[in-house]
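Next come two complexes built around subunit A: one with subunit B, the other with subunit C.
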Partner chain A sequence: MTTNPAELAAQPYSGEKARLSRHFDYLILVLAFFLYIGSFHLNVALTVGDWDFWLDWKDRQWWPLITPLMMITFPAAVQSLLWERFRLPMGATLCMCCLLIGSWITRVFAYHYWNYFPINMVLPATMLPSALVLDVILMLTNSMTFTAIFGSAAFALLFYPSNWPMFGMFHVPVEYGGAQLTIADLFGFQYIRAGMPEYLRIIERGTLRTYGQYATPLASFFSALLCTLMYTLWWHLGKWFATVRYLKKI
Partner chain B sequence: MAVTTLEKLDGTTNAGNLPWYLKDLYKYLGGFAVITVIYVGLRLYQGAYAVATGLDSTLPEYDAYWMRLFYGELITLMSFTAGLWSYLWFTRDRNPAALTPKAELRRHFALTMWISIYTFAVYWAGSYFAEQDNSWHQVVIRDTPFTANHIVVFYFSFPFYIMMGGSAWLYARTRLPTFAQGISLPLTLAVFGPFMILVSVGFNEWGHTFWFREEFFAAPIHWGFVIGGWFALAVGGILLQEVARMTELLDKLEDAS
Partner chain C sequence: MLKRLGFLGCVLTTLAAGISVAHAHGEKALEPFIRMRTIQWYDVSWSNPTVEVNDAVTVTGRFHVAEDWPIGVPKPEAAYLNISVPGPVMIRTERYLNGQPWTNSVALRPGADYDFKVVLKARVPGRYHIHPFFNLKDAGPVMGPGRWIEIGGDAAAFSNPVKTLGGEVIDMESYGLATGVMWHGLWLLVGLAWLLWWISRPLFFPRYKMLEAGREAELVTPLDRRIAKVILVAVPVVVLGANAMAQNAYPNTIPLQAALDHIDPLEPVVNTGAVQVKILRAEYRVPGRSMAMTAQIFNGTGHPIRIGEFATAGLRFINAVAVVPSQDETDHLTAAAGLHLDNDAPIQPGERRTVMISATDAIWETEKLDGLIRDADSRLGGLLFFYDDAGQRYITSSSVAVIPRFD
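On to the complex of A and B.
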């Protein structure tokens, strides 16, 4: 029999207690799944949604800047809970899987089957590769600071290359009505959106466009900088929300 | 079969062959099934009638198909909320301190199930029907705050998850000693924060009186919804509180194979 208190404390449950503990884990998994679909999807849809909903919003200037910036929010907050309290290196990947599942269900049933937008026009972008790298960097470094600097930068920089195989084909130029467009632009003009006049489409503004092929890397590196700050902010927000305080009155 | 006081305190009665701590599992699964049927039914209704009767709010058929649905939702939700919250209050445990560890553990499972059903309701409101609203606004030019999709997302889905969240809060407050002795801040944040999403509907619709033609989803008039959604992160704090208490309770239980 051990007399070391540390060893005593580390004894895993067995028998009924172990089964109870495992069943509680399953309940939490279901709870977390729907919680993060509902809340993270709402957060993304109402901050960067337009760039994610529509093919013709996926430009070289705003899309690679804003998407990682708003999609690193919940992953950072959930990492702070799951890694610091439970040593689970899966906060970002969990969030991103939930977001993708929620987005795909909506794009198929709310856009395609209800209102007949082509599914290619409303494909969601993915940040799953970025989330995996973010989780791995946190697991290997066990450091919020390193993850904020290197993980967040990787999170933003990986966004465009991981989505290019899906969306590159829609950036092919075509001549239409005497003007040069992309296939993505053509989708936007062919499938009329009552709530989206053309002036509302926030793409490729200002003089950044004159930088030609450098516009996208510039946007990505700027996003990497902002993600570093956003990650740190949301890590602390996640810790603050996961408080264990009790109040006397409200 | 009547449940004796001893059984109630011990928490060992169970349904079928389920372990004693999963006594409420069938109710939990039933809750998911009922919510799924309700929301799939509403979506099928929208698919059947929205384009045919839901494009112009001044037409008589709009009243017949959509405003009646709205009034029906209001009556149903108010009745269920009053009934459910009254039931939870009037059947409250007058002496939760007398609970055995097993009974208290079982109630922690029940609370987690309540919160889980709450998050399922949040899914339909915050994920599916919220984004579907963007799709619908690209089809119809709004002429009313009671559009065919708003009637489902704003005036049914939001109050519905508030009802479930409020029920989880009441269950914890009236049946679990740790949550009865003090008011759990994370539980309160997780329920009242998303409640503010419903309040933000007022700001949103007021804003759209200026921009009735446009549906720019990332616009600042939508950020009230966003901030309300952040409070869902407080569920992590509830789980930490529960895990801490459940660990204490498990230490009081005899080992059983």
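On to the complex of A and C.
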């Protein structure tokens, strides 16, 4: 057992009751871990899907728009549960760690070992920096509204700079077949995906494209705006799902 | 929207089944009229069926885009020549359409002719049945003829060096992986540390009780708040700093390339007008598995010609009287003597003759093309190959409605 001062302070139980309650903590944590790996991972695979799976989908417009918007969902719901009921500011980080562990397992086993894709072609994006900031903003402000506005905005705006150190190098140009391609595009061409012809990519389309190099910041700001709404929606969903009926009996 | 839903369905299936497709690459899945009247493949050949890892395999072939493109299939405004492999057991190093390098998708023109060449490089040892096939936007995969390829050697020996515009040679198999793992590892460590910081305390019941008892202040200590403030500042600083460093390290990056390739068709190869064919009637005899076509043929060439072959949807019916099938045609999709005429005499220059052509073989049924007669679009399409006495070949593409006969 740790003898953390915080623990001594924040412990209304003692003896056998404390021990049981701690066992319960572990049980819930393990269940939550697998639940979030399963459900959040599935949710992201279904919504962000190819943008997160493939290098040659990680464009300047749709990727920074869709990814934060769809990845703020579960964190908001879990934050509402963990903060409102337990004052635990770790909902977003917990979701994101589970998601990344699940993603890495899928990429390594399903994509790499089973289907032969090089792992670098299917690197997932990270939203952990965003999630950490979202958690501490909620903790420091203790306000859903502030977090929805400033936390969600930070969540979306940090996405692209968090990931550029990993994915920027795949945007180095290559001359191929008499035209310029990014290394990411070349992955898509060389490493054959029978079910994913090039034209299925939803990239660099839409009106933001006309803003050229400003496409990414604009997409990020747009995403930030939508994240605010998405955060609020999922916060309430989380609240609605989380029931303390059983807790009250103890 | 439907496409996205369909795609979601695919992802679900994929997650359940693990992405893998063993050998059912959907040759027979598509409706017969799409397989017969969109991409009409011919002359597909493979360089060598047995290779080692890192060796090249070349697929070449030609196709005609049917004039009678089905109304139910969107026009081929974006098409992609793909290879049916179970994951990248081979990589595609080069692809050409009509001699032009071709990396993105392309618009095809109904009635036009194309030839293609795809160079593959063996990557994972094994034995694979491989087809060239067309992904047609909103239609599905139209399979070309397949071939077993045997790859020997050691997968670990595979290398794929690529030279960037800046002159740097990178290995695609590992490029960027260490950087990715490093950043993911770093953030995961920070994230897990933050989780551990909270998880190491009594959690759910105790905290809930204390919150209910109004002892909220004890749940988040001043030390927690100090750490949170550090995170609030340090995380964005690290993120923006790393981002700036990455931009400095790779200043000349470009966006993903999303242009459609533009490639003109060949000079007409099929339906040049030298030989003209009009199929007047086609009957499919279900019990006999035989397609009987009444064709009016005009020989506008200067030589006597004979009908040598009828090809549709990857199936080939050969007239053994007119051409001697080569060794390659022992393929199960080739009926080596499946084409019969009511009159085998050559058609003379300038002659217009009505010929009864019957293409008979069980492959109509085994390849599920007989389903045509139960389709909403039951028109048949295919290529007829004519040969003159000098060995010159003339190809026509025709289509006609099919009438079933159940007797």
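In the analysis below, the second predicted complex is superposed on the first by the 228 of 250 C-alpha atoms of A that agree within 3 Å, B and C clash if a C-alpha of one lies under 4 Å from a C-alpha of the other, contacts with A are read in each partner's own complex, and residues count from 1 in each chain.
What we mean here is this: a residue touches a chain if its C-beta (ideal position, glycine included) is under 8 Å from a C-beta of that chain, and two chains touch if they have at least 3 such contacts.
For clarity, every value in this text was computed on a predicted model and none was experimentally measured.
S.K.: Figure out whether A:G195 sits in contact with subunit B (first) or subunit C (second), or with both, or with neither.
M.R.: Touch partners of A:G195: subunit B and subunit C.
S.K.: Quick one: classify A:M139 as touching subunit B (first), subunit C (second), both or neither.
M.R.: Touch partner of A:M139: subunit C, not subunit B.
S.K.: Check the residue A:A242 against both partner chains and state whether it touches subunit B (first), subunit C (second), both, or neither.
M.R.: first
S.K.: Touch test for A:A77: subunit B only (first), subunit C only (second), both, or neither?
M.R.: Only subunit B; A:A77 stays clear of subunit C.
S.K.: Just subunit B (first), just subunit C (second), both, or neither: which does A:W114 touch?
M.R.: Touch partners of A:W114: subunit B and subunit C.
S.K.: Quick one: classify A:V30 as touching subunit B (first), subunit C (second), both or neither.
M.R.: first
S.K.: Using the superposition on chain A described above, determine whether A:G49 touches subunit B (first), subunit C (second), both, or neither.
M.R.: In the superposition, A:G49 contacts both subunit B and subunit C.
S.K.: Pick one for A:S14: touches subunit B only (first), subunit C only (second), both, or neither.
M.R.: Only subunit B is touched by A:S14; subunit C is not.
S.K.: Look at the residues of subunit A and decide whether subunit B or subunit C touches more of them.
M.R.: Result: the larger residue contact count on subunit A belongs to C.
S.K.: Under the contact rule defined above, give the subunit A residues that sit at the interface with subunit B and also at the interface with subunit C.
M.R.: Overlap of subunit B and subunit C footprints on subunit A: residues 13, 21, 24, 28, 42, 45-46, 49, 85, 110-111, 114-115, 117, 193-195, 197, 244, 247, 250.
S.K.: Of all residues in subunit A, which touch subunit C in the complex?
M.R.: Those in contact with subunit C are residues 2, 4-7, 9-13, 18, 21-22, 24-25, 28-29, 42, 45-46, 49, 56-60, 85-90, 93-94, 96-97, 100-101, 104, 110-111, 114-120, 123-124, 126, 128-129, 131-133, 135-137, 139-140, 154, 158, 160-162, 164-187, 189-195, 197-199, 201, 203-205, 215, 244, 247, 250.
S.K.: Can you list the residues on subunit B that touch subunit A in the complex?
M.R.: 19, 21-22, 43, 46-47, 50, 105, 109, 112-113, 115-116, 119-120, 122-128, 130-132, 134-142, 178, 181-186, 188-189, 213-218, 222-223, 225-226, 229-237, 239-241, 244, 246, 250, 253, 255-257
S.K.: In their shared complex, at which residues does subunit A touch subunit B?
M.R.: My answer: residues 13-17, 19-21, 23-24, 27-28, 30-32, 34-35, 37-39, 41-43, 45-51, 53, 74, 77-78, 81, 85, 102-103, 105-106, 109-111, 113-115, 117, 193-197, 200, 237-238, 241-250.
S.K.: Considering only the defined contacts, which subunit C positions touch subunit A in the complex?
M.R.: 7-8, 10-12, 15, 18-21, 25, 78-80, 82-95, 101-105, 123-124, 133, 135, 137, 141, 160, 162-166, 168, 170, 172-177, 179-180, 183-184, 187-188, 190-192, 194-195, 198-211, 213, 215-216, 218-221, 223-225, 228-229, 231-232, 235-236, 238-240, 242-243, 245-247, 249-250, 252-260
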